Structure formats: C-alpha cells, structure tokens
Amino acid sequence: MNPKELKLLMRRVAAGKIAPDEAAERLRTTDSVNLHFARVDTGRESRCGFPEVIFGARKSPKQIAQIAAAILRRTDRLLVTRASEEAFLAVREIAPEAKYYDVARIVAVRRGRAERARRSMVFIVTAGTSDIPVAEEARVTALMFGVRVETAFDCGVAGLHRLIPLIPTIRKARAIIVIAGMEGALASVVGGLVRRPVIAVPTSVGYGASFGGIAPLLTMMNSCAAGVSVVNIDNGFGAGYLAGMIARA
Amino acid sequence: MNPKELKLLMRRVAAGKIAPDEAAERLRTTDSVNLHFARVDTGRESRCGFPEVIFGARKSPKQIAQIAAAILRRTDRLLVTRASEEAFLAVREIAPEAKYYDVARIVAVRRGRAERARRSMVFIVTAGTSDIPVAEEARVTALMFGVRVETAFDCGVAGLHRLIPLIPTIRKARAIIVIAGMEGALASVVGGLVRRPVIAVPTSVGYGASFGGIAPLLTMMNSCAAGVSVVNIDNGFGAGYLAGMIARA
Amino acid sequence: MNPKELKLLMRRVAAGKIAPDEAAERLRTTDSVNLHFARVDTGRESRCGFPEVIFGARKSPKQIAQIAAAILRRTDRLLVTRASEEAFLAVREIAPEAKYYDVARIVAVRRGRAERARRSMVFIVTAGTSDIPVAEEARVTALMFGVRVETAFDCGVAGLHRLIPLIPTIRKARAIIVIAGMEGALASVVGGLVRRPVIAVPTSVGYGASFGGIAPLLTMMNSCAAGVSVVNIDNGFGAGYLAGMIARA
Amino acid sequence: MNPKELKLLMRRVAAGKIAPDEAAERLRTTDSVNLHFARVDTGRESRCGFPEVIFGARKSPKQIAQIAAAILRRTDRLLVTRASEEAFLAVREIAPEAKYYDVARIVAVRRGRAERARRSMVFIVTAGTSDIPVAEEARVTALMFGVRVETAFDCGVAGLHRLIPLIPTIRKARAIIVIAGMEGALASVVGGLVRRPVIAVPTSVGYGASFGGIAPLLTMMNSCAAGVSVVNIDNGFGAGYLAGMIARA
Amino acid sequence: MNPKELKLLMRRVAAGKIAPDEAAERLRTTDSVNLHFARVDTGRESRCGFPEVIFGARKSPKQIAQIAAAILRRTDRLLVTRASEEAFLAVREIAPEAKYYDVARIVAVRRGRAERARRSMVFIVTAGTSDIPVAEEARVTALMFGVRVETAFDCGVAGLHRLIPLIPTIRKARAIIVIAGMEGALASVVGGLVRRPVIAVPTSVGYGASFGGIAPLLTMMNSCAAGVSVVNIDNGFGAGYLAGMIARA
Amino acid sequence: MNPKELKLLMRRVAAGKIAPDEAAERLRTTDSVNLHFARVDTGRESRCGFPEVIFGARKSPKQIAQIAAAILRRTDRLLVTRASEEAFLAVREIAPEAKYYDVARIVAVRRGRAERARRSMVFIVTAGTSDIPVAEEARVTALMFGVRVETAFDCGVAGLHRLIPLIPTIRKARAIIVIAGMEGALASVVGGLVRRPVIAVPTSVGYGASFGGIAPLLTMMNSCAAGVSVVNIDNGFGAGYLAGMIARA
Amino acid sequence: MNPKELKLLMRRVAAGKIAPDEAAERLRTTDSVNLHFARVDTGRESRCGFPEVIFGARKSPKQIAQIAAAILRRTDRLLVTRASEEAFLAVREIAPEAKYYDVARIVAVRRGRAERARRSMVFIVTAGTSDIPVAEEARVTALMFGVRVETAFDCGVAGLHRLIPLIPTIRKARAIIVIAGMEGALASVVGGLVRRPVIAVPTSVGYGASFGGIAPLLTMMNSCAAGVSVVNIDNGFGAGYLAGMIARA
Amino acid sequence: MNPKELKLLMRRVAAGKIAPDEAAERLRTTDSVNLHFARVDTGRESRCGFPEVIFGARKSPKQIAQIAAAILRRTDRLLVTRASEEAFLAVREIAPEAKYYDVARIVAVRRGRAERARRSMVFIVTAGTSDIPVAEEARVTALMFGVRVETAFDCGVAGLHRLIPLIPTIRKARAIIVIAGMEGALASVVGGLVRRPVIAVPTSVGYGASFGGIAPLLTMMNSCAAGVSVVNIDNGFGAGYLAGMIARA
C-alpha cells in the first residue's frame, strides 16, 4: 500500500465509509497470499515494478505451480528461475502459454498486458563458452522488462581483439552485463571502455583456486574501473533484472 | 549424581550401610550405559531436563535402535534427529508408539509420563519455503518440551508486509525462532520488534556466495538487534530445544 | 506503535477527533528522533523492553552525549558500550548520575523508575583471566534488567575440578553465560550439566590459529551439548542482554 | 579514440593529409600522459563520461598534485579519493578552486564547463552513524555527475520504523545507495520496497565475526531482493559514481 | 595484427590500395572466428607462439569439434585439455590424426608443420603416485613445443634419497615442473638444488586439511627457495605450457 | 645409508675393495625400488623404524599389490590405509596372510619377525559413535608397533561422567589418542587430566559450521591444556603411528 | 584427588574419622586456589606431572605475581610464558631466584626439589633465523622437564646440506621439534629421516600468502611423513612441554 | 658438492690421497658456515647460480652484516631484501661498495667478478603507481643477473590504451613481470599478447575485499591466459630472480 493509498484509506475511515477495525485489519493483510508453505508477495509488482520471481531450486513442481497460479491471478508476467523441466510441465498445466528456456533453466509467461518492447538495449558479454547458461538466464530475464538484448560470447581477455570490435555496439547499451568465471578480468576491461553501468556476474566456471567462483567475485569486487557492481556467483537472473530495471528507466 | 545424592551417599557410608569401596565404585559408574559403540548418557534428563537425543546421521538403524532402547528404559521421551525412514522402522520395532516426521526427519516417542502441554508458546518464522524442513525439525523438537508452537513460513525481508501482520502474535511468544538462508536478514528485523529471545538458525539454502550457510551465519552473528543468538547451520533441533527450554521455564 | 495503539488511532480518526492527514503523518514519524547523524529509536523500549543501547565505538563523545540525551528524555535507563572515559565525561555532563565501569567499558544510567531487583539469577563463567573484560560487559548489562548476577572466572576445561564445585550454584541460574577464548570448550562442558539456556561468547583471547576468535566461535557453534547458542566474538553486551531478557521473564 | 575518430583518421591517411607512419604512431600514443610514476588516462572522460579519478591512498601529495595537473589540463572536473589534508593543500597549489570534504576525505574541483545540475535524484541511506564517512564519499562523488543527492543516516533494520516514513522519498530516486556494516541487512529490506537499482556498500563497521566487512558483503551478495548489486567494502566512491552514472542517464 | 602489419596497412591506405572504411573494418574483425557459442582466437599463435588451447570441461563434444575445426584451419597443432573420450571421438571425425592421451585427458593433433624436436629438456617430478595424471597433462603439453621431456614419479620428501640420485639429470633441464599434493614440500627442496626455473603445481591429492589443494598451493607460494613460481591447482597444462615456452627459447 | 654404513663404504673404497665410480653410484641408488608409477622407499624401516605405509586412496588395486610386493620383499610388516576390499583381494594374491579390517579400511600383514607384543599401552577415546572408523584406523596401526591398545567410544564432553571413570585407566597409557568431530572439546579435557602425550585427531563428523573438520581442528590446535598435539582431519593412521612410536620407546 | 586418595577418603568416612558432610565438601574444593581473577590449578602437577603454567599475555605483572605466588606455595617449578620484563620484575619480588629468558620471553623458577637432569635428549631445529624466539621458548620449557636440549638453527630445505650432517645427532633424540615459518617444509623432511616423534611448530614468520602462519600450519598438518604432529602457530611452549613429557618418560 | 666433485673425492680416497674418515666428514660439512643464529648456505651459488639472498625482515642489522660478511667471503654478489637503512649502514661497514635502493628496500653489492651485462631484456609492468616499490624490488634483483630491465608503471586494464603502445617492446623481452594489486587483471591481458613467460606478482595494494592481496593472487592463479605463473604477494624479489634466471639462460 503506497502513501497515496494510505491517505485515501484514512479519508474513507474519517468519512465513515469504512469501519476503523476493518481499516486496521486491511493495513495488515494486504498484498500477500498465504499458501502456508509460501506467502506470495502479490504487492511486489506495485512496489518494485516487477512481480515476485520464483526461485525454483529446492521447490517441488507442485509448489512452483501453486505459487505461479497465485502470481498470475494478479499480473501478466511470471518468471521461474532454476526451473527443471518437470517444473515447467507443472506450470504449463495452469498457464498454457508458459515457455521453457532450457539453457537458461527459466519458465516464463508473458501475457497481453506485459511491458511493450522498448528501444533501449542491454548488452551481455561472456568471457567463455561455459558461461553461456548464466548469460541466457540474464538475457531471458532482461527481456521480461521489454528491452532489447544483444549478446557476445567467449570474449575473454586472453584474446582482447575479440572484444575490441564489439566496443561501438557495447557503448550503445543502457546497461552492460559482463559474465566471467576463472579470473573474471573481463569486467574491469569493459568497465574502462564504457559510460554505462557494468553489472558483473562471477561464475563458478573454473577449477582449483577459482574456489567455485570466489576468484572472479573478488576480482570484480576490486575492479579498478569505476561503474562496476557485482551480483552473486552464477546469478544471471539478478544481473538481467538489474539491467532491465536500468534500461527501462 | 547431584549434590544431594552425593551427601546422602556419604552419610550411608558413614552409617556403615554401604561399603566404602562400593561407594567409590558407584561414584564412577553411575548414569551411563555402555553399548561399546556408544555410551548412552542416561543421566542427561536428570542433569539437563531432557534425555539424550540421538543424532541419527552416520549411525546404522540397528545402532540407533539399540541406543533408543537404552534410553527408553529410563525415560518416556525419545528424539532421533537426521533419521532416515529405515531408522524409524528399526526404532518402531522396540517402541511401537514411535512416530516419524518425514519433513523434519525426526523419530519421536512420547509416553505417558511425558511433559504436559503448557500454555507458553514458541513462534517459528522462516524467510523462505526451502527453510521449512529446518523449521519442522525445530517445531517437533520444541513440542517435546510440552509447549505450544506456531509457525509462519516464507516471510523474507524482501516483502516485509508479509511479516508485519504477524508481529502481534510473534510478540506473544516466549521465544522466537527465525530460520533463514541466503542473506539471513530476517533475524535482525524480528529481533528489533520483540522483547523475547530470538534464536537464529542460518540455513544452507542459497547458492554461490552463501557458501553453504556461512553468509546467513555471519549476518545473524553480527545482528544489530540485541537479544539474538545463533545456532549451527541447519540446526533446527538445537533451536527447538533451546526455545522449548526457555518457554518451559 | 503497537496494534492496540493503531486501533485506537483508527477510532479517533473515525470519530473525527483527529484529521486523516495528520493520522497518516503520525503513522510515519512516531518513535524516533532525528539528530541527522543518528535517528534515535525512542520506541525501542516499548517494542523490545529495553531502550536503545549506544554502541560507543567510532562515535565521538559529543555524538554519544547527544544520543544519550535523546534517549534519557523518554526513559530511565541508558547503556553505552565500548565507551571511552571521554565518552563517559561527556555523558555525565547531561546525566550526572551516570556511572562508568572501566573494565567493562560501559557507561550506565539508572534512574528512579528503572527495573526493580529481581530474585532470578544469571551466572557468568569464564575460561580464563583474560576473558574478564567481556564478562564484566555482560555483567553490567544484565544488571540493567534488574536480575542478580554471580560470576566465576578462570574455570577452563584444562582444570575441570575448578568448575565442578560451582555446578550446584550454576544450576540455580535462569541463564548461564559462558565466555571463553582459545579453544572455547567450556561452553559444551557447562551445557552438558545444566537445564537452562547457555549463552556462549567466544573471545579474541588466544593467538595463532585462534584467528581472533574464530576457533572458539566454531567450537561453540558445533557444541555437542544442546541448549547452547552463540553471540558475536567479544560480545559480552549481547550475552548480558539476552540473559537479562530470559531471567527477567 | 572512438570509432568515428578512427574512420576520420583513416580518411585523412587515404587523402594523404597525414603520413601513414604518423597515423600508426598516433594510434599508439593518444590519450595518456606519462609521468613515469603514473600514466594519466586522459581519454577516460571521452570513453567513460567522467575523467580519471585519483585514488589517493599510498600516493604522496606531490604525486597527487602532478596527476591532478595533468588531468585538469584536459577537463573541468577532478576527484581525489582517500585524500589526506596534505594532499588537498598540494592540489590547491595547482588548482585554487579545489575543495576538501574532510568527512568524505575527498578533494574535488569543478570548473565552469562541469555538468549542470539535473533534476534526477540519488538517495543515500546508512544503517548506522559510523557509516557516515562512506556515505559522504558517495554523496560528494555523485554530486560531480550533476545530480541531486538526498541522505538519511542511521536507519538500521533493528528499528524499521525509522526507515518506513522515508520510503516515499526513496522511491523518487533514480538510484538508491544503501550503506551498512555489521550484518548489512538494510540492503535487502530497501531492495524489496523500490523499483530502482539499489547499490549496496558493505562497510568495515562492526567487530568480531564481521571480519572487516566480509559479513555485510556476503549478506548483500546473497540479497533475496532483486535489483541489488554490490561494490567493494567501504567503497563509497564506487557507489556514488555508479549512482551518478545511472541518474544522469 | 602486429605493429608491422599495422604500418603496412596504413601504407596501403595511403597508397589508395585499400579503402579507408575497409581498413577500419579490418582492424576490427581480424584474427577471430565467431561460432556464436565461441569466438575462436585464430591470432593466438602469431601473438603467443602457440594456437588457442581448448579447455574441454563443460563443453559438449560437438562444440569442441567445431572449435577444433576452426583452429586447425589455421594451424598444425591442436590441444584439447580435460577432454573426455567422447570429445576425442568427435575431434577425430574432423582430424583423423588426433590422438587421445587418456591418463592426461588430452586430445592432441600435430601435423606436418608442427615444431621440430629440440634438444632442450623439461623435467617433471611428482611427489606421489596419485599426482601422475597431472604430470601426464604437463608432459603431453610440453611435448607440443618440440622439447624433450623426462619424468620421475613418487619422489616425495619423506624419502629424500629417492630424489637425490635424480639431481644430476634434473640439473640438465631447461625448466623443472614439480607436482605435489598433500603438503607440497617438494617444490622448495628441488628449488634449492637447481639453477633453472621451477614451476610448481599443487594438486588436489590429499584429504582433510589439504582443502582440495590449498595446502600445497600455499606451501609453494611461500617457498623459501627462489626461482619457484606457481600455477593453479591440478593445472598440469599450464605448467607444461610454461615449461615448453621456456625450454623452446 | 646411515653414517656407519657411509664410513664403511669409504673405507672399502680406500682399501681398493670397491671401485670409486661404483661407490658414487651406490650412494645414489640405494634404498628405493622404482616401479615407474612409484618409487618404493625400502629404506624407510631402517631410517624410521617402520616400513613405508601405502596410502590406498586414488591407487588401483594392481598398483597397491605391486608396491606391497616390493615392500614385503624387504620387511615383515605391511600396512595399506584407505584400502578398499578390492585392494585387499589384490594384496592377498601376493601375501596370503594379509588381513582386512573393514571398519578401519586397512590391509595389514604381520609375519614372523614382526615386533613382539609389549606391555606398554595406548588408549584411544572418541567423542562419538561416528568417530569409530577413525579410531579403528588408529588402533590397527598402533597394534603394528607391538603395543597394547585399549579403547572407549562415545565419551563426549556433554556427558563428562562417561569419561571420568575411565581416567585411572587412561592415566596408565603411554600415549592417549583423542578423536572428536563437531566441536572437538574432548582433547582439552583429557589433556588436563593426564601426564602423557595426547594426540588429537579432528574428524569430519558434524555438519554446518564444522566445515568438514575445521572446527575441531582449530579447537584442538588452540587447546588450553599442554601436552596436546594435532594430526590431520580423520587421520587415524597418523595418530596410531605416532602413539605406537611413543609407546614402543 | 586421584583414585587412591578417593578410596582413602571413603575409608576414613566409613571409620568415622571424618564427617560425611566435610568429605562431600572436600571433594568439591580441593586442588585450586581462588584469587577471584584467577583460579590457580594447584592440582595440575599431581594430575599432569607439571604445575600450571602462566600464560603471561594480557595479564598484568601484579596478576602474574599473585598467581606465581600461589603456585610456588605448592611446587618447586614455575613457568611464565609470553612474559614481559615488567612481569619478570614482579615475579622476582616474590621469588628472588626467578630467571628471565628474554629471547624466549619466559620467566622460570627452579628450586631444590625440581626434576633432576636426565640423559635423554630433545633436539630443536629451525628453518630460519627468525624462528629462534619460538625455538628458545621451546628450549627453556623442555629444560624444565630435566632433559637435555640440543639446537640447530636456520636449516631450511632450500639448503638441505645444512640439515644432512645433523641427522646422526637428531636421530639420538627422544623427541624432535621442528620449527618453521614460510612454507614449513622442514617438518616433512625431518620426519622422513627419524624414528622418534616430530613435533612441528608453524611460525608466523613470512609475509603475503603465509597468512600469519596458516601456510606452514597446513603444510605440517598434511605432512607426507608419519610421526609428525602439530601444535599452534608460534607455540614453542607447547612443543617444548610435549617434547619434555615424551623425553622424560 | 656436485656429482663431478663427488666422483673426484671418491677417486682421491681410492688413491689414498685423502683419508676415508676425512672424506666422510667432508661430505657432511661442506658448503655452509654456521654462525649459530644462521647457517649460511655458501654452496648456493654453485648449486643455483646465485648466492644466498638475505631476507632482511626480522633480522637485526648486526645479524645481517655478519651473514653478509660470510657470503661475500665466497662470492662477488650480495642481495639483502626488505632491508632497513640501518641494515644498509651495518652492511656498508663490512662492504663499502654496498648500495642502498630505498624504494626497493634492497642492499646490493656487485664486485668485479659479477655477471656481465647481457643483451637479453626483462620487462616489468605495473597496474598502478602504488605497485612501484614491488616493481623496484624486482628490477634491482633482476639487474643482479646481468640482464637489461625496462619498466612501465600504471598501465592498469581500466585504461588499456596505456598498455597497447608498449606491446611491441614487451614482446622483445625474454621474460615479463606483471605487478598488480586490486583485481590483478593485468596479468591475463599481458599473457594473451606475448610469447614469453609472464611472472605475475599480486600486491597488497587495495582495500576491503582485496584482503591484503588475496584477490589479485586468485585472479592471477586462475588466469585464462597460458604462460602465466605466480609468486607470493608483494614478492618482487622472487619475480626478479625468476625473470633474471630465465633471461640469463
């Protein structure tokens, strides 16, 4: 309930149009649906501009489908990340237009009222081939914000010339997502070449002293280029969400 | 053997009712049963107010059943945590009234003399759906102390309004258990709203930089709210035990 | 503002005794005082049963005194932890009855309406001599809750017989605080002997592989005794607060 | 040298207006000034929209002044972070209009052609009083981008009601900076309430298991709220830069 | 494109033999082949003296074969590390002379123009038997540089006399690779006996406090012998590459 | 070759009984057997009082049997740790008297000339039931040194009275092995009660913040009791070896 | 009170020579002296064969002197480790024969009844010059057990020939202490050459990735040589104590 | 004593020119000078091609001078790293030609017979200005091997165009040293552009999540460019030594 709605409620109480006890109750129970195993945050879209996203890991297909149903009752967009194919099949039961992106492991629903395509662009660049699933998660997520997405994969700093011809295009983006495992150096290099926010995603690609993504996480955290911020290891969703949010603005 | 029993023993020695060597022996051998692979602490209930609890992980069903039998010879309550269904079946052989809580992975026995239901209440709140198994372990454990338990799942801080209507109920609890993975912020928020102890349980729910529960553990350890203490990652049992102990007082 | 106050406010709005816009404003601005560099949480005592405590580290004596003044305008108790003597002198300017506990590094004020002395007792035991400052911080804090506090210092597990004669007294406490650095084993030993909550405080006492308190923190976190929970390294305040909260109940 | 300039250079070579060897040389030596101990990146502003920023730590006042002079020869803005007062005095020698922000530890120069004030706003919120120096570093940096900055200090989650009345204002910001030490939970709470990017800055405020900022860093990294990204511990500059970049767009 | 080629291009532009726009384009697109999921760095051999090496982990056999084909179109050598047998079969389809080294998990192709055998020698010594796969990866890689390779396995420092008779041979090498898990002490011992670079490879062999190779990594990093440098855990390829590079010189 | 043998060799060279070149060669090649994949340290028994022990993990049964054969050609004792049943069957082919201890995962051979039983005793105590496999590894190893071994399992500090009656027996041991996972506090308690060396073995038993044995390792490392030293996590072999070495003295 | 004394006490109770209540009391209060800030463990010598040792760090000279006085009332030996010169002067006040070892930072007292010199020997070897203070702490401590101590400093593995001539002497020792910082490899090398226990002491000597002693600690923990156990970083006292205990046997 | 010298010694024994016992003695005592607090490795130069280097940290000026004297008796080169000016003055007493490099903190002596200047070149590149002291340590060390050294400072990847014009020169080097703190990305970028060994030196320059150099260490360890190896944090000496060794070959 936003400030305006709050004032409105107060006025209706003052006008006797709504009983005071009911108003107090309403202040407490709005904007979520209690499925017992989950409290669906149905106010998320009005607060944050995007409905609640279901983190599919460790949830059963049935749980996912129930939460999905609760969300779709209030909105036209649905995103399930880390979703298995079983989860997709369960969601399709209640939302036939659901689509499964297997590389991204995302189930997505976009209905009529979903955001229009915009002209602003998000660019996603990965250091290696193995980072592609994370990039796909970012791409599908960003698309939900109605923005355009362009991608370039396998542009790691050991062969900088693969990156350089892309710079003019990258510079046209409203936000840039850089995805890298191993040493994660790509984020700093890109950050030094552009005037838009760089969202860095460390990945668990690598072995030995990459420690499941700690190495690129620290690299990106300590970037000598300004304008770079970092999301969790392998968190393509978070990067796509943030980029979509920035590009939509 | 508590101080009173010790004085009594001394007096019986002085009165010649018990031989001195036997007294010395008795001082050494009371209060445990040696099964060779385990020394069952049969004095635990008199010392701590609750019989020894069997940590089921890495023990065979047969070992668990043997320990359970030794415990049940002296008390009316039994708790086996991290118990497989096989362990349950083995325990049921020797204690037909045993009950298996599959989400909590607990085998429990409560016989006639077990603690009466009390009016004091423990509240358990989780940040997410995936934290429910830990919550269930806490709930079943706390119930063994004869207290009431209420729960609310999936109230993470990204949607605070899900938590706020629960506050009046939470404030009625004698102890509050907050269970959260990922960033574990819920413990601080709840801690700032109540006047009773908050027992925080970090969980291994999350990925990447949650490092199997280190992230929420540190969050909870550094809580800016006073009155918050922390148990081990995924240790629903420990939280339920402590809450039961506090609420029973 | 608690639920009762909320209902009351609603009724006054409905009754026309208070303008709706003012009510909306009041919902937003109650219960804190904005000093710009600090927003004093003056509603803390009504929510949590104890007024906001000032963490003195990194704050100037002047800042501390200003916050203290704001707190004392609403309550009879004040606690400043990690306080230098300079901070004490600044607070004494505005609260002449302030008292400085130099070992605990605490500034405390207790005025007329402060909580009465209660009969319930908190026991504080340390493993070593160097843990005493942390114990003192816990002791002074717990005293603010009106409980009795007893202490025993230097009872580390390398000489268990120092602990054993204390057990009968420890068992009378409503809550036990165990403070230990180095390997921190004392918490488990005490936890196995009592039926009340054990609040374990790891300290930074030690060297080498104690890593500034990580070793005892992990020890306490993994305690094989149930009923043990842990607060931050050297956090005597947190332990005393929690123990006072439990013992007061 | 951007793609357009590159094409232009090529055409001039083709037209014989510039010798081929000179063109090759120019491709190599443009856009930096070599002071031997530093290679000032004078092309940074054209590439990134903001001139090179001097990281003052470990550099002598004399070195800082020399780099500052090289930068100011090409641009109208200068920022020196982690600057001592000595560094400020040295810079003032060569740029009398330099200004020193002592809490932020920043030396800043803004000359005639610097960016105009814009209407878009950045909001900075801190969890505690001790986080203010980091917030000031962010504020002064963001101001260099010509945006408005509003701030609220000491709104930690242990007293959520201090944050709630600020939400309507925070929601008007183009980018929100959340600065917190200890457990760092504030970022998730704010992230769940807004529709704009949240830039989270962990600080080294805290003790014991906060490990110099690792605890809030992990908390923020694992935020359950989408739209949150993280910069380095105590990196107010990085957050202010990123927020300025987003808000300016 | 190296500096010479760059000057040449400029001259051809100046001479009107090549259109300026085409030159600009060429500067951008040379030296890589875009397979969409990978950008093969076909300029690697001219820059680094060795063609791009395919890191086989997490890539499908089909992807590996496509990249291999792109590489072999420009060069006579191919190396795929961490390659499964399936990957080998896929590569053999497009390069019948491909050979699979199963212990090393390497697919290698050497065609007519590959480097000639040289007289300079690389010596590889392992501390244990379990380190042999890493040693084999190093050996096969170094052979691609046309150098001779000698090996001695299981010469750990607990039985130094196994190492000592090898010293005269080791001293003839141009570069020495020392591979050790557990405590990794062998690198320091060898480093103190030779006048050539020692490339130390920590391995994940060990258990408990070896932490998957962290223990030998730190050991080698802190070697009291000069002339020792370290590559990633289990990175036999990196060591063989570096040794081949040094010995070829 | 020990100093005496060295002098003898020199004298034989001086006496012309052995050619100088042969002497130089002999100095290099004594005391090991090269199986290419392993260099069996056949001088270990003369140097260290016990033949080389085969670490069975990551070695094939065939490799183990070949190394075993080389060792048994020179000595009467053989120990293979971390041995699978397959490894046992392979060793039995070449040494029919080999025995397999399945809980300890050890293959052992003791022939005629093996060390006589001695009167000195090693005591092994574990904190829990799950620590028994590590204890068995220690027991079987120590037995190879001809000493007596007594054991007591599941004597964790949460029930100290289980340990106390054992103290008189423990005090008769020449060396005590304390094996504990979780918080590992038992080592300090035992260390404070005895006058003989305590060898502490942390185990990977536990979960969450025990981090695979780091917690008990740090506990034991920081023991407040003197006379305690530590071996690697789960290293029952190392503890049994060291205890046997001490007790045999 | 040992078992014999316990039986004796029981008999005296049975014989009416001691009142039962007094016996119960005596069981509780023997063997420690309560100085409030310290509980001196006066039973340590009878239990462990050596009186309590004072860890001087963080204790005031006055506290140390008071504890020393309590210890010397019951025994003829006193050891204060990590002692400043001020602590020494305070101890000398109450024990004029006290001696200060400044490199070792130890205050020691040995009176008439102290242990006689024995023939068994402890050998201490360090890897570097900077490890000498730790070695001295070990040496002075071991001397208190009446054993002989020999030392060799700066025998790191980068120059193995410095170690080899010492082997015959080292092999005569009953226990060997190996002290090393940086990579700590010396312990494994020595362990492979002797038949007596090797006590390894990691030191904080080094920089960068030695992490204050973690690197040598891990090295020693993972030693490929059997018979090696480890004490805390810089814990010369612990090593000397353990070696004295073994050599005295 | 190398193999040739060993054979020669054997022949002289055989020829009766040297007594067998003396030969045995000589085998043991050659090649080191025992100053008690240090055993100077005077055989280092013959084994490793460079005399022992004195690590000046934690050694007194007097100790350093004594070791220096022992080394200079056998060779013409001396290097003391981490040397204070006091250490320099002490060394100058015994070696008037000693020179002090204050930025590098090195004392160096080069006498007549020192290695001749060679034509091969080592290139040292740093990411920042604050890395210069480490670079200087590397430079002065490498010069001792008689090679040429070229340097370029402050070429971090946030401004790649500063690096690119240097590439032709860098490619002429026999070995390249890359020195970087913060995120350490420069090593990978350079590694992808050259055909010679890249020695990467992480530095402690940075703050927050750089953790004193761990971040760049991990970055360099995980470099996606082949031919890169890593030395300890801030270990300019080690890099210069290794580069000198490679370039001298």
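For clarity, chains are labelled A, B, C, D, E, F, G and H in written order, and residue numbers in each chain start from 1.
Please note the rule applied: contacts are C-beta pairs under 8 Å (C-beta built on N, C-alpha and C of every residue); 3 or more make two chains touch, one makes a residue touch a chain.
Since the structure is predicted, the reported quantities are computational estimates derived from the model, not experimental observations.
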| item | value |
| --- | --- |
| Each chain counted as touching chain B and chain H at once | A, D, F, G |
| Numbering shared by both copies at the chain H-chain G contact, with half separating same from different | different |
| Identity of the chain that, by mean CA position, is farthest from chain B | H |
| Chain B and chain D: spacing of chain centres that average the CA atoms, whole Å | 49 |
| Geometric centre distance via CA averages, chain H-chain D, whole Å | 38 |
| Interchain centroid distance [CA atoms averaged], chain D/chain G, Å | 54 |
| Multi-chain contact residues (two or more partners), chain A | 3, 44, 128, 158-159, 192-193, 208-210, 214, 217, 221-222, 225-226, 232 |
| Chain pairs that touch, as defined at the top of this document | A-B, A-C, A-D, A-E, A-H, B-C, B-D, B-F, B-G, C-D, C-F, C-G, D-E, D-H, E-F, E-G, E-H, F-G, F-H, G-H |
| Contacting residues of chain E [partner chain H, same complex] | 2-3, 44, 47-50, 53, 167-168, 171, 174, 192-197, 199, 217, 221-222, 225-232, 237-239, 241-242, 245-246, 249 |
| Touching residues (chain side chain E, partner chain D) in the complex | 3, 6-7, 10-11, 13-14, 16, 19-21, 23-24, 27 |
| Complex contact set, residues of chain F against chain C | 127-128, 156-160, 182-185, 188-189, 191-193, 206, 208-211, 214-216, 218-226 |
| Complex contacts: residues of chain A adjacent to chain B | 1, 28-32, 36-39, 41, 43-44, 52, 55, 57-59, 63, 202, 204, 212-214, 217, 232-235 |
| Complex contact set, residues of chain G against chain H | 128-130, 132, 152-155, 158-159, 161-162, 164-165, 205, 207-210 |
